[in-house]
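All chains are identified by letter, namely A, B and C, in their written order; residue positions are counted from 1 within each chain.
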Amino acid sequence: MHKPMNALNTYKTPDRGWRLFIRTMLARAYPRIIGQQREKAWLFFETFLPFLATVGYIYVYRAMQAPEDYIGFVVMGGAMTAFWLNVMWLMASQLYWEKETGNLALYIMAPNSLMAILFGMALGGMLATCTRAAIITILGVWLFNIQFSVSSYAQLFLVFTLTMAALYGLGMLLSSLFLLWGREAWQISNALQEPIYFLSGFYFPVKSFGFPVAMVSSLLPLTLGMDAMRQLVFASGPTLGFLSVEYEIGILLALAVIFLIAAKYWLDFMEKLAIKEGTLTDRRR
Amino acid sequence: MLSTFRRSFIPAAWLGWQIESNWTDPFLFLTFSIVKPVASVLILVFMYHAVSTAGTESPIYSYIYLGNAFYIYVGAVMAGASYSILDDRERYRSLKYIYIAPVNIPVYLFGRAVARFITGTIAVVITLTAGVLFFGVPLNPAGVDWLTFFTALLLGVVCLTCMGIVIGTWTMTIRTEPWFIGDAAAAALYLFSGAIFPITVLPVWLQPLGYVMPMTYWLELLRRAVLGEGAAAFPTLAAWSNAELFGVLTIITIAFAIIAFAAFRFFDRRAREEGMLDAQSNF
Amino acid sequence: MPNSFAIQTESLSRIYKIRGAKKNEPKERVALSDVNLEVPRGEFFGLLGPNGAGKTTLIKILTTLLAPTSGRALVAGYDVARQTHEVRRRINMVSGGESSGYGLLTVRENLWMFGQFYGLDTKTAHARIDELLAVVGLSDRAHTKTSDLSTGLRQKMNIVRGFITDPEVVFLDEPTLGLDVGASRDVRHFVQQWMKDRPGRNILLTTHYMVEAEELCDRVAIINGGKVLACDSPANLKRRLQRDAIFKLEVSPLHNGALTAFGGLPGLRKFTHAPQDGKSELDLILESDEVLAGVITALTSHNATLLNLQKREPTLEDVFVDLVGMSMTEAEKAGA
């Protein structure tokens, strides 16, 4: 005999606004977090192998007989690549895979924010990202006897936080491309990886670019973020810095605000454009 | 056997090229083909200029530049096998159909590697051209030993393809973040291959790993073919003749071919036992 | 915004641009043309048509995934283009032949996750999950990873996902596609019960299975080539043909000349021809029983042998043939 579906009748009003945002973010982070617990192969591929890649650059500097602080620069750069990869491949380009699997349509159709979904993806990937960054940093410091000379922990924390905020804002801006495009966006992200590493000065001071080029590359949050961190952490950092730490903090703050606000409006715009063009449910292109 | 080889190789090579080349218009394709390898080598160029006062005449500059340029093949061909498996399994959802077709999967991967070799070659040529024109690499095309160059290149690419088959079939058994595996392996091998620094810079206890890597000998042969006398400045394998280098490279290639064969059988069985041929790793 | 209609469309059209079209090829494809529909609250509404008719395009517009080129659509009283957020709070969708969620998560985890996107608190979500899984017979698989489920079970999970948020309007896009007979029956039974338990809610079902439309829907719109050809209850649609006599004949194989001659017979309103192994199947809509004699004479004059003859009641397929002039299968081929 059929029983009426009573559970559908009893509920409290669904969350809206910032509560729904948080709920969505945590829910989207969940598959990532659980997935990483259930299959642990990533521990090797995402931590130990990238550490070896970083060590390769360390020995390049050793072969060139570079000052020891440059070894520290490489370790810092190697650790920060983890965050760039989180933004690009675990967040932005994930929309491509969500489109391919049909989940993107379900996300768009739900009354939540795409930004919450993206934040959730990034949050979920943080375990692997932070593990990677930590392994590279700890092993790099230990094995290569890197010496630190931190001038201000408060400024260091501020720089790191602002860099992450700006970086994730930029990542969300880029993610919107995947709403409209398919494989093109994927290939472009792939092609831009090395240029981003180069322009951000992951392994060398961006002062080497000269002022005009360094200013342009400062639009990438990691450029000034790492430059400021180098100045704060290494003895020779201030002499090799591009701008003063205070200026760089100011620019990073501006970038964070601009990118995050722009991401919100740009994502909405691109979503509407994708709905108009009919590309939200395009597959295998 | 020959018909199986043809049936496996030719459509795979054609398919590989379609996938690599038709994602955008030719102008954008060319632009990105230039931007990516040039940016990659610029990282090393700027690293060098940041700390060195010796200038581009220093042998270590050519060593780094050429090693990085030819190492593009490692990412393209070796990591490419992993990407091919993942493309077929996850993006196009066709791996299961290819698997049940009467094709030889390792030969299929060989075929897919052809397109990667072509795009890799475009990147290598662009990098070398940029090196000669803009970055002061002392490379004279008239002085290149083309026979040694192409022989070494071919042998090395075969070896890379075998290594790629190992990585690619291993990828089939991984569900969590498999997209990073190929690149991570290529990046890690950067350390032991003498690509961007002589392996004598490594700690003594790590150097034997460098001598086991086929890329060490492969890159040495390519540098010698391209630079001629200039390559004598790199002491690591200076005492080895070209013939000895070819000999070692050939032996290691054969060894990797055997390993690839065994690895394929092992990972193939595991993938089928665990139902991974149509898995999706997205989460 | 109170509105007596759950779904309303006014002159709704959607045109796709064809990328990379060559010089002599069409640069546009009309997916929907001037669609006008009104679905009152509480109705189980069906959209019946062959593949490529425009059913999925219409659903995508109504679920805010695609913008119309012209016209207007309202769902639960809200404009799909201008009040997207309000629409999304009140709807859900289930597509056939697709899985949702992540293979690494269990059934319960996937359903919980999607519930969160609609703001459901965890306690309510789990209560609904428990109940709905029991209804579809998946309770014992709640802790199974979805990658370990068969296609049919995954689709049941997908169905539960569509209903867990207790939407006002549920869009089911070919929900039984690829399912076996038993699983299809379970899905149909589930949606029927949901409608009974939730008066005032709506389901819009797209299908190309006649049986499904006849069994489930209060009203059906027949769609082909992007246009709605008729919209009424299945019984009323079939009543259009009640005055006609519908026969199914099996004859020895017919050649094209015979078919051409056949088409001009007086009193033969419509017919479809399906060659089978060693025979031809003819579905005939005749103005009256008396026309049958002429049909058989025509067949005999072309050396065809009558193997079987059956008079039957009109089906929605017959209605489609009457409206379009060909069967759904033929319409799909013509559209391709």
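Heads up, the rule we're going with is that contacts are C-beta pairs under 8 Å (C-beta built on N, C-alpha and C of every residue); 3 or more make two chains touch, one makes a residue touch a chain.
Note that the structure is a prediction, hence the values are computed from the model and not measured.
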{"item": "From chain C, the most remote chain by mean C-alpha position", "value": "B"}
{"item": "Pair sharing more residue contacts (C-beta pairs) when B-C is set against A-C", "value": "A-C"}
{"item": "Identity of the most central chain, Cα criterion", "value": "A"}
{"item": "Geometric centre distance via CA averages, chain B-chain A, whole Å", "value": "27"}
{"item": "Whole-Å gap between the CA centroids of chain B and chain C", "value": "51"}
{"item": "Approximate Å spacing (C-alpha centroids) for the pair chain A, chain C", "value": "43"}
{"item": "Two or more partner chains touched - positions in chain C", "value": "102, 104-105"}
{"item": "Sites on chain B at which at least two other chains make contact", "value": "175, 280, 282-283"}
{"item": "Sites on chain A at which at least two other chains make contact", "value": "31, 35, 38-39, 101"}
{"item": "Touch list for chain B against partner chain C, complex", "value": "175, 275, 279-280, 282-283"}
{"item": "Residue ranges of chain A in contact with chain B within the complex", "value": "31-32, 35-36, 38-42, 45-46, 48-50, 52-53, 55-57, 59-67, 70, 85, 89, 94, 97-98, 100-101, 128, 183-184, 187-188, 190-195, 197-199, 202-205, 208-209, 284"}
{"item": "Complex contact set, residues of chain C against chain B", "value": "102-105, 147"}
{"item": "Of all residues in chain B, those that touch chain A in their complex", "value": "23-24, 28, 32, 35-37, 39-40, 42-44, 46-52, 60, 64, 90-92, 174-177, 179-181, 184-185, 187-188, 190-191, 195-198, 201-202, 280, 282-283"}
{"item": "Touch list for chain A against partner chain C, complex", "value": "2, 4-8, 10-12, 14-16, 19-20, 23-24, 26-28, 30-31, 34-35, 38-39, 101-103, 105-112, 272, 275-276, 278, 280-281"}
